[in-house]
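Chain IDs A, B, C and D follow the sequence of writing; residue 1 opens each chain.
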Amino acid sequence: MTKSLSKPVTLFKSAGRALHPEDTVVQAGDVKIGGGNFAIIAGPCSVESDEQILEVAESVKKSGAQLLRGGAFKSRTSPYDFQGMRTEGMELLLKAKEAVGIPIVTEIISVDHLPLFEDVDVIQIGARNMQNVELLKAVGKTDKAVLLKRGMANTLEELLMSAEYIMSEGNEKVILCERGIRTFETYTRNTLDLSAVPALKEQTHLPVIVDPSHATGKASLVESMALAAAAAGADGLMIEVHNDPQNALSDGAQSLTPSQFDEVVKKVMKVREVIG
Amino acid sequence: MTKSLSKPVTLFKSAGRALHPEDTVVQAGDVKIGGGNFAIIAGPCSVESDEQILEVAESVKKSGAQLLRGGAFKSRTSPYDFQGMRTEGMELLLKAKEAVGIPIVTEIISVDHLPLFEDVDVIQIGARNMQNVELLKAVGKTDKAVLLKRGMANTLEELLMSAEYIMSEGNEKVILCERGIRTFETYTRNTLDLSAVPALKEQTHLPVIVDPSHATGKASLVESMALAAAAAGADGLMIEVHNDPQNALSDGAQSLTPSQFDEVVKKVMKVREVIG
Amino acid sequence: MTKSLSKPVTLFKSAGRALHPEDTVVQAGDVKIGGGNFAIIAGPCSVESDEQILEVAESVKKSGAQLLRGGAFKSRTSPYDFQGMRTEGMELLLKAKEAVGIPIVTEIISVDHLPLFEDVDVIQIGARNMQNVELLKAVGKTDKAVLLKRGMANTLEELLMSAEYIMSEGNEKVILCERGIRTFETYTRNTLDLSAVPALKEQTHLPVIVDPSHATGKASLVESMALAAAAAGADGLMIEVHNDPQNALSDGAQSLTPSQFDEVVKKVMKVREVIG
Amino acid sequence: MTKSLSKPVTLFKSAGRALHPEDTVVQAGDVKIGGGNFAIIAGPCSVESDEQILEVAESVKKSGAQLLRGGAFKSRTSPYDFQGMRTEGMELLLKAKEAVGIPIVTEIISVDHLPLFEDVDVIQIGARNMQNVELLKAVGKTDKAVLLKRGMANTLEELLMSAEYIMSEGNEKVILCERGIRTFETYTRNTLDLSAVPALKEQTHLPVIVDPSHATGKASLVESMALAAAAAGADGLMIEVHNDPQNALSDGAQSLTPSQFDEVVKKVMKVREVIG
């Protein structure tokens, strides 16, 4: 079980399964993830307007999503790309949470923004910040659930070590997320490493979810990869849904419409049933 | 559908779906692969003895495998590793085919060995030879089904171009196989690129199967990846099974026992049912 | 010149050579880098003690290094690894700067630490923070020279975009640093991409330096790669030097001794002479 | 010296430096490579006509190339790309060898073509065939010098194991060639791994040369990488030169004109002098 890690398993003091064999169940609002509890997180890449986030929130909840995602602070490659609605986006997201009655997941990109996350249910650490150790330590000092995305060039061992950064500060509510790694293949935006799901489950008791939207970068590939993730034993999914993908301010090419998402959830549930 | 290929879709004259929208069904013996027909290929990495190949052949057939795999000519990294039983291995494999009544798949590593493949049902081109163009052309001149594995550093576009090499010689019976690509991650032997399944199916009418054994290099990860491949829409699986993995002459670490394989087939079939 | 960038060259408003053909010369203390000015940065991975940093500072200055490096705030994979002497390390580094009379380069890992960098000559953004956009913007608001290291999975285009983040805030004193990218090869810690030097120089007017220490991870390979970087046209080098590599608290395996460093500088200078 | 190889150094029975500390000098015609002898191989990607190969042969010889390269049998990604002049190309190449008095290097892509290589001085095994073990064994039974190119996804250890395949058959005249590996970076065709030069020299006594043309895929980057390779301690270079790059039937974008090549050779020689 331990032979592929370069570090001794006892070094994964908090995240490692060797010392903590029982599956961890992370609670966010009234939603449970892990230990047999499967959760779907859905919503737009970016919060763009009051109407947009409300409309998507209602539709994904109706389709069966347990959590709403939406980016307010965006970490973009170029400073000239849309940087998110920032503080205003946070307000719209919290308003949608109240109006629709659905817990929310949103990304933090700076320690200084932490006070704005008080009513957020799950704080997301994005791939680009997976090894931003000061940010990891800061969320480790909160009592919020943390969704930690794998960096695009990071090994599973490094992902677990970043979880250790959070947990060693006292916060054990960490959810790991595979979202594709960078390889030579250009057909997809990243290469989804689904073997990360059973591999992580061998090494850690933390829940592991999969983001097929960022992994593939193409709406046409999201359904297959969502089904595959469920079949591989993932504890949940994170899927981008937009009410108008063609006019999305970011990541439109990989966003599902609400009706496509509804279809995907139905099929995922069927796979979940037979997987047990 | 075509925007991620660097070459115009009309250049994939034979393999491309743009010019050939209908799914191809490849027949090998009495087995059909593609177009809704799902097939499981199972057997040892290497043929090692009369008893070994017969025992595995019988057991995988009983569990539901449609084809038997077994390597006679091996393409190993080191000249000091076991190179396969070669001609003798071919004879044992053909004997097992007769005795058990199951069509066989085995790898060719040189044009000069072609005469030995007369009674083989599916000729495999391994990952290391995916761009051995003279070998591709040679099997393209036969009427045998060809199982073409993706090279560990090859793009999907290059895989399709290698299929074109075979098909442009007149042989249209090509089955594509995703078996993991080489990345920085070391926990698994390769990184299984399951998005290759729906991506290839967008671009080609050829059947696409998945080899979770070489991809992961670990028996403990094979079941999850087999289920995920089925959920992703693969047309089949290629799984290494050995009657005594711990003493296998090659690839023991990734081989299932016959009873593990039996379990995997049952679960895969359940996923197939709900995927439709 | 521009055909390999996915974004139009005019998007690199500040960093791009298309709009700013002249080489930029970055000044740090009395040292110039770029536009024909070659500079060597040397010192230990981590500041470990008063004696250590003073001893190394004196010796690298004597050998010809123009700047002293030394890490106070470390960004390590594991929370259980040495995290640097932090504030105390900053003090020792500034003391060495005064005592030896050499400008200093040190890494920032959090916006909140900025006030501690007032007397630092060059602020380093490490590979793990290359896309920490809030940190990029924060150093962009200072008037300090910034050494921006390429992330281990980042393209040259993304590196230039991170430079844009800094420059678009008003700070044009950016030095780019190639330090190896992550690939499948395991013999070296990373794979040094030396073609990044002429490639970047085609696209940007900013100085480009090379860090052969982190790239190779092996002291035995540093000299060859330092010479190669100089021959490739780099504007400088960043080399790890430790007075006692075997007992270094971090990165000992890739650190040169002061006498090895002295030898490397002499050879590098000879290559510089013939390259012109 | 040996800690980064997964296999014990004694397994590299023929290629390893552990058992054979002295540098090997490979002779091809009257040209020596290795052990302090530096050689430049130059010429077009493909032999295209009598005039073309003669003109290039004469010009590269005059500029200081010791060997002429030219492809007759081409291994292309697509069957619809130019496949080389094949047997006719071999004849033109041999004619140029006689007329100009320069030994030749050309690629073999099938065991069956071996009889055509009787008067060839150096047989090249291309990157795509680095693990075509039957071809390796076949050239291992000849007494020709063999230029073995690193596969685009192969580790240094695998390259040495492919050299072992040749040498274990009795042919010790193997020259290794670094030509770039496949990574996520798209600005260059491949990523030139120059640390392979000192790394290989730690592990093997065989000569190591560098091909900056295939590595970068861009004529504008060839000079810098040729200089860097010389500075890194390479035993030679392989550079594509064409009398009319814009109309070349293959690889024109990375080919130098004869006058550009002349310039590069002069600068490389200066670097060689100071490196010693």
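In this section, a residue touches a chain if its C-beta (ideal position, glycine included) is under 8 Å from a C-beta of that chain, and two chains touch if they have at least 3 such contacts.
Remember, it's a predicted structure, so these values are computed and weren't measured experimentally.
Peer 1: Which other chains touch chain B while also touching chain C?
Peer 2: Intersection of chain B and chain C contact lists gives A, D.
Peer 1: Looking at A-D and A-C, which one has the bigger number of contacting C-beta pairs?
Peer 2: Between A-D and A-C, the larger count of C-beta pairs in contact belongs to A-C.
Peer 1: Where the CA atoms of chain A average out and where those of chain C average out, how many Å apart are those spots?
Peer 2: Their C-alpha centroids are separated by 33 Å.
Peer 1: So what's the Cα centroid distance for chain A and chain D, whole Å?
Peer 2: Chain centres of chain A and chain D, defined by C-alpha means, are spaced 47 Å apart.
Peer 1: Quick one: which residues in chain A touch 2 or more of the other chains?
Peer 2: 153, 182-184, 186
Peer 1: Which residues of chain B touch chain C in their complex?
Peer 2: For chain B paired with chain C, touching residues are 182-184, 186.
Peer 1: Under the definition above, what is the set of chain D residues touching chain C in their complex?
Peer 2: Going by the criterion above, the answer is residues 1, 4-5, 153, 155-157, 181, 183-188, 191-195, 197-199, 202, 215-216, 218, 220-221, 223-225, 227-233, 267, 270-271, 273-275.
Peer 1: Given the complex with chain C, which residues does chain A contribute to the contact?
Peer 2: For chain A paired with chain C, touching residues are 7, 11, 13, 75-80, 83, 109-112, 128-129, 131-134, 137, 151-153, 158, 161, 164-165, 168, 182.
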